[in-house]
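One chain, chain A, appears in both complexes that follow, with chain B as partner in the first and chain C in the second.
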Partner chain A sequence: MTEVLFKVIIIGDPTVGKTSFVQKYVNDSFRRDYKMTIGVDFALKVIKWSEKCNIKLQLWDIAGQERFTSMTRVYYKDAHACLVMFDLTQKGTFQNSVKWKKDLDQKCTLMDGSPVPCLLLANKCDDIERREVTQDEIEDMCKEHDFLGWSETSVKDGIMIEESMGFLIEEMMAKHAELEGFSESFQTNTSSALKLGKEEGGKPSGSNCQC
Partner chain B sequence: MADNNIDTELDLAGVLDEDDSSWLAELETALVEECDFGSLRNICKGRAVPDHLRAEVWQICLGTVGKDALSSFDGLYDMDGQSQVRSDCKSLVDKLGNEEEDKVSIVSDLETIVTLYCKSRGLKYASSNGWMDVLQVLLTVKMSPSELYNTFYAILNKFVPNECKYQGKPFHLFRLLLQYHDPELCSYLDTRRVTPDLYTMSWFNSLFGGVCGLRVCQVMWDVIFQHADPFLELFMGLVILVNARDTILETKDQSKEEIIDLITSFPQALEVDDVEDFCSLAQYYAQKTPQSFRRDYQLSMFGGSVVSHKEPEDSTSLMYSLCLSVSGEELLQANKGTPLVEDAVRFFVVDCRPAEQYNNEHLTTAFHLDANLMLQSPEEFSYAVQALFAAQAQALAAGSAAAGEHLCFLGSGREEEDQYVNMVVANILQKGKQYVSTAKGGYPALHNILKATSENGVPDLVASHEAADTKNSSGDGSAVLGNRGEGEAGTSKYFSKAILGRLSGVVKSKSAEMKEKLANYIKNDGTGDKHVSSAERGGKRYRNMANVFTIGDDEEGEEGSGADSEEDDEQKETVSLDTWVQKADVLYSCRCKEIRTNGHSFPSYLLVTSSHLYVLREIPSRKGMAHIQARRALSSIVKITSKKRQPELITFKYGTHEEDGFHVTDMHRFYIPTASDATRVIKQQIMKVLDALDS
Partner chain C sequence: MAESEGSMKPEVLPVIDKGFDKIYNDSESPESGLITHTSQFESEASPSIYVEKSCFLPQNTISCPSDMDDLGRKDLTPLDQRVETTIERDKSLDQQVVSSNHKRHPETSKNPVSLESLSSEVLSDNVRNSERNDQSDIQVSERSETSVNSDICDGAKIDEHEKQICPACEDICLEDFEMAELSDSHDSTTGDAQVVSEESGQSKEISRGHGGDSNEDNDDSFRQRSPSPAPCVLRHRLDPEPPRSGDTDSATRLEETKPKTSKEIRKLAEIQKALDADPVDVESLRRLAISPGGLINKHMRQRVWPLLMNVNTNNIPPKPEQEEMEAMTKTYNQVVMDVNRSSSRFPPGIDDQVRMSMKDKLVDLIMRVMIHHNGQLKYYQGFHDVCVTFLLCMDEDMSFAMVNKLAIGYMREYLDETMERTSLLLSYIYPLVHRCNPELCEHMQRNDLGTIFALSWVITWFSHVLGDIRRILRVFDFFLASHRMMPVYLSAAFVLHRESDIFDAGDEMGYIHKCLSVIPPDLPLESLLERAGDLFLQYPPTEISQDPMLIRLNNQVFEHFNHIERRNARRLAQQQEASHLRSRVFVRITLWTVTAVVGVAVAVLYHTYSSEQWTAIGPWNSS
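Up next is the complex of A and B:
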């Protein structure tokens, strides 16, 4: 039995639903009242990937408030994947997603130097009346800023939580396999540039859901 | 009683001691003799001063006597925004309602003062800076323009924090202080995005001059200036918030703006007779706070020279601080021997370094909680945290040297590892734990201090690798704490050390039995730390209960004389607290603090029997022992009063019932966290006693 450990960070503006997402995904619970996260919170989930392999998923729920940003940046380190979340009912949080993504890419990369795979989550899709961001806008941003893909979610109604995480895990596993090979080949020669180039244009909006 | 011819308004206000006005005569004499600040403080003892002496007292306190800075004014009213200054001065004077012919000269004096101040400090005037509010209070005290300028200058320089602006440093510090004392309230306000700069600006930029009534300000400033502690006003702000916490926490349905307006206006409700309690509570909170922040920020936060003291990274570091940080010196000092000051902060040190570093060398009193556990096994981590709280409670109960209400987290001083320490601290804060700090510089800082202060290598506070080895085999290094020559308290220390040793061992071993063991520890922990807040909530109840006694606001000045005159502890009977509390005839007991009129407080126990009220005062140097400070017949209690805004402050008045009412002969004042319970029981007993007397 092998065990693979993945560190996934979740970032985005305050109140978009990061903590709720983590709680929903890990504990299947949802609390209506918002409470600010201090610094960083942390949750662990073990997933049976196959008969032979367990995945230990570390979810780092990083506080969105500016107060904590200088402190929380250190927690980006060694992340295998990232969720950038915004709130469909607050356009500002959507615009800031770009900042969060850029911040992440500036602060850390994968072992091979490629950007950390990043999924864009458009939360609170249940609140159709207060929606402020269109799917086209999200699609455009997703392409322009090299997100792996995007998905609308509703933590409240439990929509696209498992699916998004499943997609991200697949991606991490693929990358994992690739990096295993990478670190082996690293000693002998450096054909990684080619590999990377191929990966980069990869599968963009694979998880694009229409809910 | 009121035959003393003192200022009537103050007499009404109840801030002056009716019975003892001798200090006033002393003060007058001292002022004639041009006394210095020290002797003034000794005479006034933090009390409000009569109106006619105020100007002189303030000037001595502020150190402005005999200065003449105003004459250096060039007489040119030519700065940017001069017209704004003029119109603000004018509207201030209009508000005051002076005689028409005086107005012009007052306006002109004010404009001169503000203009010179701006010029000499290189500042720009802005209407929102609180200066007019400061001047308004100063104008109520008779002073010459030159004196006015000097006091104005000194107040802004010494008591109004620099950077009183949006997102300014004082407000970040204030937030950390609030978080330290009331994390739940702080978290709520953070969640609602109500940051302190939004509601405390008008408090701090004018020493409450912009928000409190003029009389209230005068008395408050009397106290503040005498204390000469610029940080006191932050704690005053803290008292205001903590006092109103229930109201604030009930604002879930209100908008951010409404909350800001609500909180901003709280100090308006302060009345003159609240000021004394208000100030002593602020001091109480100040004492209950680690002091390191003072040294860190005194220079940059006060003293005006904003421009030269520009330390941008300092301000941001405050903003981004997770919690208060404590210097190594303070940490070590605070836990050394018996505290000199009552209420002094004592720390329970939580060492969060990786196990190998901890095992290599650590403070003997530290609890080990490996921060990495949080990542590796969140479940075990949460057990470890419970164990931590349990161990802390046990250490406190046992009066151990390791005991402290204040949790100080110790890292390795390396960012790489300390990020996990921060995570642990964030987690603890998220749980709403009070009194949480981190040790500045981590363990290396402590190590260096200890090395520097100890000549013979390994200091006795530290268990080094070799010591730890023998310790494990020989059953808990007796050397370490015993060395400190505190034999009498020895057993309890060993006891709790044993617990600590076991617990940290357990945490490290990560064995399966851990949960079981810990569960046992935790079960014993019934008495854990209680938030004052629970009592505050309870406090409201009894005020609505109708009864024979006046339970309501203190109305008149009532500084008892008797209770203060009995300082001779030697003659008091010494007893064991435990034995007394458990006596069969004790119907009720609770912890409390006896509050003296001079602001001193003494940790005490209040015991109620069917006929008497006992006050047992803890003896700091002898754990578990107490002096019988007072023994009062319940029938002699004629009045129990509490403060509206501080229901835990209870005053008992003793005396005799006469035809024309009762005569108070003596009084006691206490800070009782469980005030509502205590007063209820006492009232019931008094009723019984009185009933028995009647029949």
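Up next is the complex of A and C:
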């Protein structure tokens, strides 16, 4: 049994639903009155990916307020993938997701120099009446700024949470295989979870950060 | 306090506080010191007498060594005098209000759900408060003091407020809610004073005899203070309250108010004694706020906190206009957004409308502080957690005075433009942990834990994470009476307390972070406060600031922020250059266009002129 460790960061403006998303995905619970994140929150989910492979997914829920970013950038380090989230009912958060993406690309790349795979999530799609962003706009932005893809989600109603994460994990697994080839010296077939976990979290498939 | 309750026996009373109580004097500078040791022994023969023994220690350690103390007292004297002089006058006013409330209560208490009746509940609880005041000397002037505060702020302003904001929501504070809840199950006899009289017979000796005789006459005063209920008028665009989550954190749930222990009663008496001293014995108050149990209740906090902070309760500037608040668009929007999400900070039993009204006041309070400093302070997420704690404990004006003082004193660094100075403060945790437990420190550093786990602890004074408002208020007692670095020392104490959990988390930064960010519900808070105090005495900030580890960490912080600054500067320069380039191109194009236009104009003019001449000449010539 092999165990692969992936680190995923979730960024985006405040109140778009990052904490709710993580809690929904990890604990399958939803609350309206989550406290804001000050600094960084951490969550872990272990996924049985196949008969032979378990995935340990570290989710780093990063505070949205701008002034904290000087302290939270450290957590971009070694990220294998990223979720940029915005709120469909607040156009400003959609526009800012470009900033978040640029910021990420500036600080981090994967080991082979490619940008960190990044999924754009348009949250609160259940609130149709207050929706301010059209699908075409999201599509355009997604293409223009090299997002891996985008999806509408509703944490409240549990729409497209598992699917989005599943998509991202597949992407990370593909990248993982690719990078294993890229760095032969780190190619592993060991069954030692800890050793592999450490390697995964470290140099081989992690990212290069200048932060 | 809860731990010792069980062992209390009527005949033989154990020695409380294990003999020593460590006192950490507040001072603005780390040097101006700190250490006062007193011991509190309880005499077995006379359980109600709380003997203070300071003779164990050299006399010179008992008083604050710096001149801060004198200064503090000097400044505090006017407040004290004011309280003393206005107290008599206010008592009568208070009784009037009390009497009318008392009369009103039976009609309205049957429907505790509606806003009006809740407020009546609250007011009726004030009756009980005041009745208690009547019975017990300990609390005689608490209510008066509350009225004194508002009275002094501006008598007319109260009416003004009542017009703007739902009158029923005025002056509703946490303990009122507790009592409102209790009033369903207990009748008007329940409460501290009842316990006082049950537990220590002596309190009857000091009770005063004005019970219900003045209760009948003054309905007018009630009507003045609480006009007919109006719908809640909110000044700010707050979201409607979300439906309650079923799984509200049990830690935040209000517990039944426990009967006061004799220890608490004695402490209240001691606090009262310090308040009654002339001048007010601030050092004793400081010691009492720090010692186990803190300041016991809201009423004491209302009186003692301003004294601890040396806050001037006179001439509190009025609330700014709504427009002025909204003019600070960015901050205002952020504040409204954060306040919208602050529901979990209010007691779960609270009525939705009351909570909305308090949220509205919370926006007012934060914006008032920001405007008062002309935008020099930068609001941060978490500051509202601090503000709401005050608002749950005291009225708006007093909260403003307190938060305002905190903002320029204890919390100034957190309100900076950048997080640099906050990061420097947080770095203190590592050398502190290192001195007590080098292996733990090494383990944390090896895993690049950083200091962000303690960010919310320090900048919100633990109010973001502790859940239970009682614990939060207790921590605030401790901090307000201590040195400004104390939150950092308490953070170190928290880390040291979780030693085994941190080691168990293994070599994985995420796990360690998670382990620290979850505060266990059975946290032994009092012992952690004591530990923090010990750490402070053992390793004062002046000493830690020389620690090579701190210097190294601070250099990293400097480097990090310089890096950010340089990058921002570079980005700004690039932007400027780009815009400069754009403007240069624009200037050139403009110049060319102007030249071309002028050229064409000249040509046309010349042509016209010459053709005119030609035509003028032509016919003349031809003729």
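The criterion applied here is as follows: the second predicted complex is superposed on the first by the 183 of 211 C-alpha atoms of A that agree within 3 Å, B and C clash if a C-alpha of one lies under 4 Å from a C-alpha of the other, contacts with A are read in each partner's own complex, and residues count from 1 in each chain.
One rule holds in what follows: contacts are C-beta pairs under 8 Å (C-beta built on N, C-alpha and C of every residue); 3 or more make two chains touch, one makes a residue touch a chain.
All of these numbers come straight from a predicted model, not from anything done at the bench.
Enquirer: For A:Val74, using the defined touch cut-off, is the partner it touches chain B, chain C, both, or neither? Pick first, second, both or neither.
Expert: After superposing on A, A:Val74 lies in contact with both chain B and chain C.
Enquirer: Who does A:Gln58 touch here: chain B (first), chain C (second), both, or neither?
Expert: both
Enquirer: Tell me the contact category for A:Thr2 with respect to chain B and chain C: first, second, both or neither.
Expert: Once the two structures are laid over each other on A, A:Thr2 reaches no partner at all.
Enquirer: Is it chain B or chain C that touches the larger share of residues in chain A?
Expert: C
Enquirer: For A:Arg31, decide between first (touching chain B), second (touching chain C), both and neither.
Expert: second
Enquirer: Please write out, lowest number first, the residues of chain A touched by both chain B and chain C across the two complexes.
Expert: 34-36, 38-44, 58, 65, 67-68, 70-71, 74-75
Enquirer: Show me the residue ranges of chain B that touch chain A in the complex, using the header's touch definition.
Expert: It comes out as residues 187, 190-191, 316, 319-320, 322, 374-375, 378, 415, 419, 422-423, 425-427, 429-430.
Enquirer: For chain A, which residues count as touching chain B in their complex?
Expert: Contacts found on chain A: 34-44, 58, 65, 67-71, 74-75.
Enquirer: Which of the residues in chain A come into contact with chain C in the complex?
Expert: 14-15, 29, 31-36, 38-44, 58, 60, 63, 65, 67-68, 70-72, 74-75, 198
Enquirer: Which residues, counting only chain C, touch chain A once they are in their complex?
Expert: 242-243, 245, 247, 334, 337-338, 341, 343-345, 378, 380-382, 417-420, 423, 448, 450, 452-453, 455-456, 459-460, 464, 507, 510-511, 513-514, 517, 560-561, 564
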